[in-house]
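Naming follows writing order (A, B, C and D), and every chain is counted from residue 1.
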Amino acid sequence: APKTAATEAPVAEEGGNYTIATVVKLTGVAWFDRMETGVKQFGVDYPNVTTFQQGPAEADAAQQVQVIEDLIAQGVDAICVVPFQPDSLEPVLKKAMDQGIVVISHEASNQQNVNFDLEAFDNAGYGEHFMKQLAEMMGEEGEYVVMVGSLTSKTHNEWVDAAIAYQKANYPNMTLMGDKNESYDDAQKAYEKGKEILKAYPNLKGMQGSSANDVVGFGQAVEEAGLQDQIAVVGTSMPSMAGKYLKTGAVDSIGFWDPSLAGYGMNKLALMILNGETPTDGMDLGVAGYESIKLVGKVFYGQAWVDVTAENVDDYPF
Amino acid sequence: MSDYNNHLDNNDNGNGKNSFQERFNATRFLKIQDWNLMRLFLITVGIFIVMSLLMPTKFPRVLNFQSMGFQMSEIGILGIAMALAMITGGIDLSLNSVANLTGILCSVILTRLAGPNVAEPQVGLAVFLAIVIGLVIGIVCGLLNGFLIAYVGIPAMLATLGSMTLFTGFAFVITKGTGFFGIEAFQKIGNGYVAGIPIPLIIFAAVAVIMIVVMNNSSFGLKLYLLGSNPKASIFSGIDNRKVLLRTYALSGMLAALAGIVILGRTNSANPDYGASYVLQALLIAVLGGVNVNGGFGKILGLVLAVFSLQFLSTGLNMLLFRSPGANFFKMFSWGALIILFMIINVVSERRKQRASIKKPKPA
Amino acid sequence: MAEKFLEVKNISKSFAGVHALDDVSFEVRKGEIHCLVGENGSGKSTMIKIIAGVYEPDEGEIIISGKSYKRLHPIDTIREGIQIIYQDFSLFPNFTVAENIALNKQLSENRKFFHKKEAQQVARAALESINIKMDLDSLVGTMSVADKQLIAISRALLQDAKLIIMDEPTTALTGREVKSLFKVINDLKARGISTMFVSHKLNEVLEIADRTMVFRNGKKIIDADAKEFDQSKMVYYMTGRKIESDSYDFGDQNKSGTPLLSLNNLSSTGRFKDVSFDLYKQEVIGVTGLLGSGRTELALALFGINPADKGSIQIEGKAVKINNPQDALKHGIGYVPEDRLTEGLFLEHSIGNNIVVSIVNKLLSKIGLIDKNTKQKEIDTWVKDLSIKTDSADNPAKSLSGGNQQRVVLAKWLASNPRMLILNGPTVGVDIGSKSELHEIIKRLAGEGLGVLVMSDDIPELLHICNRILLMRGGKIVDEFQASQITENELAEKLAEG
Amino acid sequence: MKKFLRTNEFYVAVILILLCVFIGIKSPVFFSLQNVFDLLRSSITMGIFAMGTLIVIISGGFDVSFTAIAVSSMYITIKILFAINYEGSFLVALIISALIGLLMGLINASIIGFFRIPTLIATLGTQSLFHGFLLFFIGSKYINNVPDGMLRFSRSNLITTVTPTGAITGLQSGILILVAVVIVVYLLLRFTMIGRNIFAIGGSREAAERSGINVIRTQFFIYGFVGMLAGIGGIIHGAHYKQGNPFDLVGTELNTIAAVVLGGALVTGGRGTVLGTLLGVALVVVMNNSLILIGVPSEWQKVVLGIILIIGTGIPAYQNMQAAKRVKTNLAE
């Protein structure tokens, strides 16, 4: 059972000095760079805890397994992970837990081999929120498309599924065109997909993206085609990434949760368990947006989303 | 005899290309074979010692060996598969795609036959079937490569580039681009231990031992080496080059499939585009292991050493640089540096040896 | 005495322990036709490559027009006005005739730009100067050996050379073409241009040389005015002894039964046509003809490399199809190829593996792996039977001398227990001592019941080991002789006709 | 004419035309100006890379490092320009990137020229080396913006049209650079002695040495030039996508090589044409970008590409094999 493993491990450590590793989907992108600031901050705030962040160079499940494998070998005390593909991490996370390593995941509410998963918010609510925005901008009618980072990314799919369901129930004059489009978390692929989509659906009115790169790539395609005013683009992204498109109107609104806070929160959860504490429903993580986290099974939900448009984008310098 | 001409066409494309000079280059590689092994062995041990000294509490421990054991297997198996193709004088760029395609089809079989509510014996049967069918798929893919190379006459690099695209394409068609997953029982293959030794490592060791025997003691192995060193002479010795090539690529495909099975077990998932960089890594390992790019030579043992040295290097660097998110990148850099350095050392030491032999007093 | 143009002083060169050249010195004068003869492997080509700057000599110097070089680079040689026609021609297979001919001129003029038209004019003029017509736009890679030779010659003549070195330039030429080449050489001489002419063909040397030099085993044996040589004297200097030839005695009584091999109008489009003859047990038939006469093609067809497309092959009276070497092996046909280094041997592999390559499947133990003992026994048998000189059969084949390498190729086929052997140039590159030992082996094997077909243009060899000689020209058998009823000179005449 | 019918260019042209006609019939959008402009734009970088690859292949070598060179030059250039706050002309970016590419190309050349390491192995090593160097020592973060000059360049069009739906499309100016590169490479291969030397080395290195060609110097030219083209292609690519992505391009080198070989360049060296290469690039670009127009689901695109690759290389390979049989004839009839 995870709890016994968790309580045993720290005893072996000298003086509560812990090493907590955070593993992200891939390195180099702004989203996870921002997460790294939170991870580092945690290390500063808790001087006897060493924190660092690693990740594969490409968004590739096998490479992420490799990274975790190496961390197990180094004997870290806890691993906080943002899985690229939750299922493919199960075996290696099991191995980690068998070694007594505490495992916390993020954006993977179905992950099995973890102590806890931390979600910024309830996914269905977030997805519906986007659809409401989109519908308003489109005048509740017309064709729209959706994009996800990958069809296997659980949260992305929950968002768009909830959004689509909400549209079917509430906006009968809107039509979803084609299947979910995949961007592989890559702005360039999103851009290429975007160009194809614009060609294939000349009457397109709206688009909802999921990975931080989706609206960036799509926005570029829209901007190049000069369709800023015809097409509404909303989705998760980061101000630094989508800012220039928000300003030109190619992207209309983005939502996000602050990855640095999520990273901080995961580390906090991990440290609690290492210290032998048990996180409970409704507790305050001491992180903005996670003041009262709701526990469902092994998943904690916060209320940490933010809407950003051309007006307030400059308030978020990351 | 079309392949005779084919080889003529490939090898004989200059008047001078078949002259002494060219052949003596191959000789040069042969003579360093054993030196190569020795040097490689020293490098491996050297890296190990340096890493152990730098991180005495982290590097030389059982946990770390186990972890490395899990990581080495698939790339080691792919390296051997690549070496086979290279010994014939060819190359196999499709290995990775074969591995992925196999993983995907195995996962289909497993999830169909051994869904959540299936009894224990049937799960065992499903696992067995998945492995057998997986290997057969690898063989079929390899046969296609062999056919294109030996019977149609497409240079190996292009044939396997085409088939790589094709196999990856099929993988995308089957999965529609998403990942496929394995079943609980199958994860043991990639994550279990026997007597504390990771199962993937055991699989790799078994493959290595079998391949050492095949290459050194079987008629197929002998023919393969001979064909690779001089395809024309092997035709003139009554070896059916086309058959040998066909079998080699089939074997190489089968090994790729095995790697795919290990990956499926280890990550519990199969994707059409897993580990795209594996092909280049396999090539790197083969070259570092002493396989001659022009064919004909290469020892499986050298390959095993190369896998170990690169794994020590990667894991060691990862530990050293663990605070830096760029550990992976430094690994990339050091692999490239290592391979170039290694090749340069080989060339320079060989040149020095040649010069020395000229200076030697004339034998009576 | 004309002044000297080239002086070679005390040149030595070895390859991994082999002394290809040993302290060689000589000089070439202006306007002189300087011939160099020597057996295969005596160091002729190595000498040329050193002058060319392709190889660096271990010792010695080369003085060209008074300027001394320790080491030449190809471009130095070219700039000094020395043009070389290599034994393997050194042409670019991917270039057209015109591009090939013009390239060297453009390079030596240090051109920056290339003009196709100009290249064509240059090439046309060059070919005209030796009276040859050829399609300037054909790719050289697709042309015949004879054409390539002519291209290489005209390329060299094109430059304002002071010395032209020709490494066996007449191997593929017909009598008429040789005549016209000699005319060119004499014209050059008249213009004060020297020629260094390297050849095996003694009659050619006797005809053209001003001065003749003989190499043996990397050493210069003699260097003297051409008038001092006749054929037998040259042979003596080349080989170090006189060849005594007694021809092979084939008991005609054997001819009564079914022939071992019987060809009936065997044809292969574009290669050879309507070849018919019978080969009996114990018989050694020579097949001769110039390069390109179809003799090698015939051998390749019988071994299944390039199967014939018309006519029939019978073995011991039974019609058979030979579509690939495996078929040939099955019917007991062994083939010792023309080029032992590229086609016969795996140079870097052990002598042992070279011997057993054709019979590996017969060496397997019960578990399907190669049985080390069986293999070693087989190898030892043949090393002993053919007296292959080596410390260990584990040494690579390249460590052997030419003659011993050829024995290894023979051993490979004898191990397969054949009924007949096809030997294509069995003693090319083998020195005289080894050569006669190989001849004895061949005769012995025939005596033991093998049928042997020898493709060769070595006239003494043919007369020495064959009982019957077939002459091929243009892919057809045009003549047939009993070895005992024809002299070397007569055969040489017949061969050069055409 | 009859000769042309047996060339690779002919096959590729036929396949290309058939494909275009087929796609055009099924989806008239294909021949719209918008789509044609899009295709041309997509061909720019691959076209430039392909010209470099063509030169290497003709010389009998292989270069798989050019993508790493391209992405490194591009990324470093963007960093430099941001660091000095340069907002001026794209030309400056182009020159800096080309120079960085040239430098890396010369590193390749020294390894290949001085040590005679097989080109595939050498460039495989340097690919890893260059890319690892970039990511570890220079930076691994996406740069989400590009300097103004690059931005202006990426927005500049030669011709602009507005589609019926109101979208603006244009022919991107980068096409001019591609045209320039193509012309330079064509002239180089066709009319200069360096071009001759490159073909000569690919045909027979030994014969080239004997003719007095300085092979090492020629290799320095080849790999340096190819590095420079990679730098040029890289910076244009960066401008097109308006970002400095340090993970870009690497891994796509085989596509370019495939395009060049489809265009008839002989992998063993000595043969290859600019026209064929352009056709090969066009074929790959059309396949990559237009199959979706005729409703080939994206997952089938790779299958189709694979089949075309196999057929495209298979037909000439098989013909060569048959031809080699015929050529053996050296009978003077």
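Methods note: a residue touches a chain if its C-beta (ideal position, glycine included) is under 8 Å from a C-beta of that chain, and two chains touch if they have at least 3 such contacts.
Bear in mind that the values here come from a model prediction, so they are computed numbers and not experimental data.
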{"item": "Contact-richer chain pair [B-D vs C-D]", "value": "B-D"}
{"item": "Chain at maximum distance from chain D, centres defined as averaged CA atoms", "value": "C"}
{"item": "Cα-centroid distance, chain B relative to chain D, in whole angstrom", "value": "28"}
{"item": "Distance from the mean Cα position of chain D to that of chain C, given in whole angstrom", "value": "44"}
{"item": "Inter-chain centre distance, chain A versus chain C - centres from mean C-alpha coordinates, in Å", "value": "74"}
{"item": "Whole-Å gap separating chain A and chain D, where each centre is the average of the chain's CA atoms", "value": "37"}
{"item": "Residue numbers of chain C (touch at least two other chains)", "value": "86, 90-94, 141, 306"}
{"item": "Sequence positions of chain B contacting 2 or more other chains", "value": "5, 13-16, 19, 176-177, 276, 325-326, 328-329, 332"}
{"item": "Overlap residues in chain D, where contacts from two or more other chains coincide", "value": "135, 140, 203-204, 206-207, 210, 269-270, 325, 328"}
{"item": "All touching chain pairs, where touch follows the definition stated at the start", "value": "A-B, A-D, B-C, B-D, C-D"}
{"item": "Complex contact set, residues of chain D against chain B", "value": "64, 111, 115-118, 120-122, 124-133, 135-137, 140, 203-207, 210, 251, 254, 257-258, 261, 267-270, 298-307, 309-310, 313-314, 317-318, 320-322, 324-325, 328"}
{"item": "Chain C to chain B touching residues, read off their complex", "value": "14-17, 19, 58, 86, 88-94, 141, 148, 303-307, 324-326, 328-329, 335, 337, 341-349, 353, 357-358, 360-361, 363-364, 368-370, 396, 398, 412, 416"}
{"item": "Parts of chain B lying in touch with chain D, wherever the complex brings them together", "value": "2-3, 5-6, 8-10, 13-17, 19, 21-22, 93, 148, 152-155, 157-159, 161-170, 172-173, 175-177, 276-277, 280, 283-284, 287, 293-294, 325-326, 328-337, 339-340, 343-344, 347-348"}
{"item": "Chain C contact footprint on chain B (complex, rising order)", "value": "1, 4-5, 13-16, 18-20, 23, 26-27, 30, 213, 217-219, 222-223, 225-226, 229-230, 232-240, 296-297, 354, 357-358, 360, 362-363"}
{"item": "Chain D-facing residues of chain C, complex", "value": "52, 54, 73-75, 77-78, 84, 86, 90-95, 99, 103-104, 106-108, 111-115, 141-142, 144-146, 174, 270-272, 291-292, 294, 297, 306, 474-475"}
